[in-house]
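The structures considered in this document are given below.
Next, two complexes with chain A in common: one pairs it with chain B, the other with chain C.
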Partner chain A sequence: MIVVHIPDAFIPLPQAAVYWIIALIFIALALRWARAEMREEKVPLVAVLAAGIFAIQAVNVPIPWGTSGHMMGAALAAVVLGSPFAAVFVLTLVLIVQGVLFGDGGITVMGANIINMGVVGGFVGYYSYQGLNRVFKNPYPSAFVAAWFSLLVAALVCAVEMAIAGTFPLGLGLFSMGLYHAVIGVIEGAITAAALYLIFTARPDLISTSEGVTA
Partner chain B sequence: MQRDNLLIFGVIIALAIAVAAPFIASSNPDGLESAFFGIFGAKDIHGSELNEEAAGAAEEQVTEITGNTFSFAAPFPDYSIEGLSKMGEALAVAIGTLLVLAVAFGLGRAFSRTE
Partner chain C sequence: MIEDLFFIEKQTYRKSPLHDLDARAKIILSFAAIIAMVAVPYSPLVFPVGGTFFLLFVILWGLSRLSPLVYAGRILMVLPFGLFIIIVQVFVQNPYYPAFTAIADLPFGIHVYRESVEFATILLVKFLVCISFIVLLSSTTRVQDLLEGAGRLGLPAEFTLTLGMMIRYIFVFGYIYRKVNESLAARCFSPFDSRLPYRYRLRTLAYTVGTLFIRSYEQGERTFMAMLCRGYGRESHLYIRKKPMGRGDYLFLATCLPVVICTPVIAWLLSSGLV
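Right after this comes the complex of A and B.
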C-alpha cells in the first residue's frame, strides 16, 4: 500500500527547515483567508472535500514504465472553494494525517510536501482554471487542463527541490518527474473534472464561488 | 435538503474509495519513487523491472547524500494495521478518512468567518 510523498531521507535538514518556514507562512495566510472568507456554512463542504481528497490519494493508478501515480486534489479544492488558500488549508490537513498516522511523507520534509501539493498545486490549479475558463467558457475542460497542469508543475518544483538537495541531477530529475507526472496529470484532470461536474450538478450555487466571486 | 445530500453522498463516496483503495491501488512505485529508482540505477526510467537489491542500496545511498537520518515510527506504517492484512489497510484508510473529516470540520469551525 503506497501513496508516497517526499520521505525524510530525500532532503537535508537545513533545507527541510527552510521549506517548513515557507510552508508555515502559507499556512498562516490560509488561516487568515479562512477567518476572512470561509463562511461557517461552508465548513461541512470543506471537511467532506478534505476527506474525499485523503481517500482518493490512497488510490495509486498504474501508468506505463512500471510506475503509478495518485490524485493530488489541490486544484479541485481551490476551484470548489474559490481560493488557492483553500487548497493550502485542505492539503496541509491531509498531509499531516498521512505523515503522522501512516508514515506517508516525511515529518522533517512535510513543509516541502505542503509547498508542492498545497501551495504550488493550489495556486497553479486555481489561477490556470480562472484563465482557461475565460477562454473555454466551460468549467469542465478548464478544470481538466488546470488540474493536469497543477500536478505537472508541482512535480517539476519537487524535481528542483531534489536537485537542490543533491538527490536528483536537475536535468534527469526534471525529465523523469515531468514524464511520469504528465501522464499522472491526466488522471488528476479527469477526476477533478468529474468531481466538479458532480458537485456543480448537485449545488449550482457553488459555480459562482469557483469563478472568483467571494461567497 | 440538496445541500445535505451532497455532503452525505460525499462522505459515502470517500469511505467507499477508502475501503476499496488497498484492493484496487497499484503497487508500482509512484512517480517520485520511480524517478528516484531510475536515477539511482534500480530501474530503467522507461522500463518496468525493479531491481529490489539496487532499490535497497539506493535508499541507503540517498541518506548518505542528504545526511537526513530522521526516522519516525508511525502508528500505522504504510496504511497497515499490525496483524491485519488487506482488510487492515482498508480499515486504516477508512480511519484516516474519518479523522481528516473530523479534524477539517473542527478546524474549519474554529477558523471560519462568523457574523
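Right after this comes the complex of A and C.
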C-alpha cells in the first residue's frame, strides 16, 4: 500500500527544501517526545522497533484485483506506542533506510515523504483513533477506520504536494490516488485492527491503557 | 524489499577501486549529483546534464566491477511508482509549458501532447540519474560504513546511534521475516492462493504483522536491558573512530565533483547564450 513514496526529481529543489524544514521540525519534536515520554535511554528500543516496522512493511499483502501492496504502519505504531510522535520517529528511520539503501523514496524528497507517512499518517491515525474510540468504545473498529483514514489522507497530501510541484494534475491526482488508497486502505485498516488484537491479546502490557488501546 | 537487503549487502563486499573508497567520498559525490540533477529546472537543459551525469555513473559502475544486471535489478525494484507518474505525464498538461500541441488523439477525449512527452522524458532522465547514484552508493558501500561515514560528515549523534541500532536489527528481522515466510510456505500457505478465503489470508497476514511487531518490541526490550548492563545511559553515543580521508578519496572527489558542479553551470551558460 506504500505508493506514496515520492521519488527524487518529482518535486523541485526549493519546494523539497521547504518540506525538509517542516519535517525537521517534526523530527525534533519527535526526539523531544522520545526524551520526555520514553526517557532518552529507551530510544534504542524504538530504533529496534523501527527495524521491525521495516520488516512489517515488507509483508506482501494481496490486493483483490491481482496486485500486491505493503502496509504503511504509521497508525499501528502511533496507536500502540500511544503518541503520533512515535510514528514520526519510527517512520523517519524507516524512510532514511529505504531512501539511502534502496532508492525507494529519495534524498531531496525525503522531507516530503516523512511529512506524508510519518507526520500525516501518524497524526491522522492517532487522533482519529482517539476520537473514534471514544465513540465506539471498541479499539478494533476504531483502529480499522483510523488506519484506513491515515493512509487515505497521506495519499491525498502526496497528491497535493505533487500538484504544487507541477508534476501531477491536482484533480486527477486526488481522484486516482484517493480512489486507489480508499480501496486498499480497507486492507491496511483490517490488518492494523487484527494485528492490534493479536498484540493486545499476547502482550497487553505493551499498550498504554491511558493513551493507547483500551479494551 | 527486506529480501533484497542481503543481496545488496553482498554486493558491497566485493573488491574494486570504488568499494575501497571512503564512504564519505561516495556519500558526498552521490548526494551532490542528486541535488545538482534535481536543481536543474524542468527544461531541455536536463538532457545534456543528465547525459553527462549518466556517463559519469557508467564509468563509476564500470570501476565497481559490478554486473549491469545488478543495476537493472535494483532499478526495476524502485521503478513502478515513478514510471507510473512519468507515463501519465504524456496525457496531461503541466504548468511548465505555456502552450500544448496535441500529437495524437485517443478515445474519451484523451490527447498526447508534444510538450508533455518532452516533460515526461525530462522527468525520466532526472529520475534515472538520481536512482542510479543511490544504487551506486548502496551497492559499493557497506551499511555500517555508510553510517560511520555519515557520522564523520556530521550526522547528529542521536541519529547515528538510533540508525546504527536500527540497521543492525534490520538484518535480524530480515532473517526472522525469511523464517516466517518459510514456515508459512511449509504449511502450504500463500497469501496469493486464491483458493483460500480472502479473509483467512488477511487474518493470517495480520497475525504475522502483529507477531513481527511483538518480536521487534521484545527484541528492543532485550537490547535495551543488555545495553543498560553495559553501562548505557543518557550521554551514550555511537563511537566513531576518527579517520582521515586518503589520497585516493581526495583524488576521486577532485575528479568527479567538478563534473557534477560544472556541467549544469556550463549547460546553463551555453543555453542562455552567455558563452
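Just so it is clear, the second predicted complex is superposed on the first by the 180 of 215 C-alpha atoms of A that agree within 3 Å, B and C clash if a C-alpha of one lies under 4 Å from a C-alpha of the other, contacts with A are read in each partner's own complex, and residues count from 1 in each chain.
Note that in this section contacts are C-beta pairs under 8 Å (C-beta built on N, C-alpha and C of every residue); 3 or more make two chains touch, one makes a residue touch a chain.
As the structure is a computational prediction, the values presented were derived from the model and not from experiment.
Look at A:Leu45: by the touch rule set out above, it reaches both chain B and chain C.
In the superposition on chain A, contact is made by A:Ala202 with both chain B and chain C. Contacts of A:Gly103 after superposition on the shared chain: both chain B and chain C are touched.
With both structures placed on the common chain, the touch criterion links A:Ala9 to chain B and to chain C. Within the superposed three-chain model, A:Leu76 lies in touch with chain C and out of touch with chain B [touch as defined at top].
When the two structures are aligned on the shared chain, A:Ala36 is found in touch with chain B, with no touch to chain C. Of the two partner chains, chain C is the only one that A:Ala194 touches; chain B does not reach it.
Look at A:Phe168: by the touch rule set out above, it reaches both chain B and chain C.
Once the two complexes are overlaid on the shared chain, A:Tyr180 sits against chain B while remaining clear of chain C. Once the two complexes are overlaid on chain A, the chain A residues touched by chain B in the first and by chain C in the second are 3, 5, 8-10, 12-13, 16, 31, 40, 42-56, 58-62, 64, 68, 70, 93, 97-104, 106-108, 166-169, 172, 199, 202-203.
Note for the complex: chain A touches chain B at residues 1-6, 8-13, 16, 31, 34-40, 42-56, 58-70, 90, 93-94, 97-104, 106-109, 155, 158-159, 165-169, 172-173, 175-177, 179-181, 184, 199, 202-203. Chain C contributes residues 1-5, 8, 31, 34-35, 37-39, 41-42, 74, 77-78, 81-82, 85, 88-89, 92-96, 123, 126-127, 129-131, 134-135, 137-138, 143, 146, 158, 161-170, 172-174, 176-177, 191-192, 198, 201-203, 205-221, 223-224, 227-228, 232-234 to its touches with chain A in the complex. Taken together, the chain B residues at the contact with chain A in this complex read 2-3, 5-7, 9-11, 13-15, 17-18, 20-22, 24-36, 38-39, 43, 45-50, 59, 62-63, 65-80, 89, 92-93, 95-105, 107-109, 111-114. For chain A in complex with chain C, the residues that touch the partner chain are 3, 5, 7-10, 12-13, 16, 31, 40-62, 64, 68, 70-71, 76, 80, 93, 96-104, 106-108, 162, 166-169, 172, 187, 190-199, 202-203, 206.
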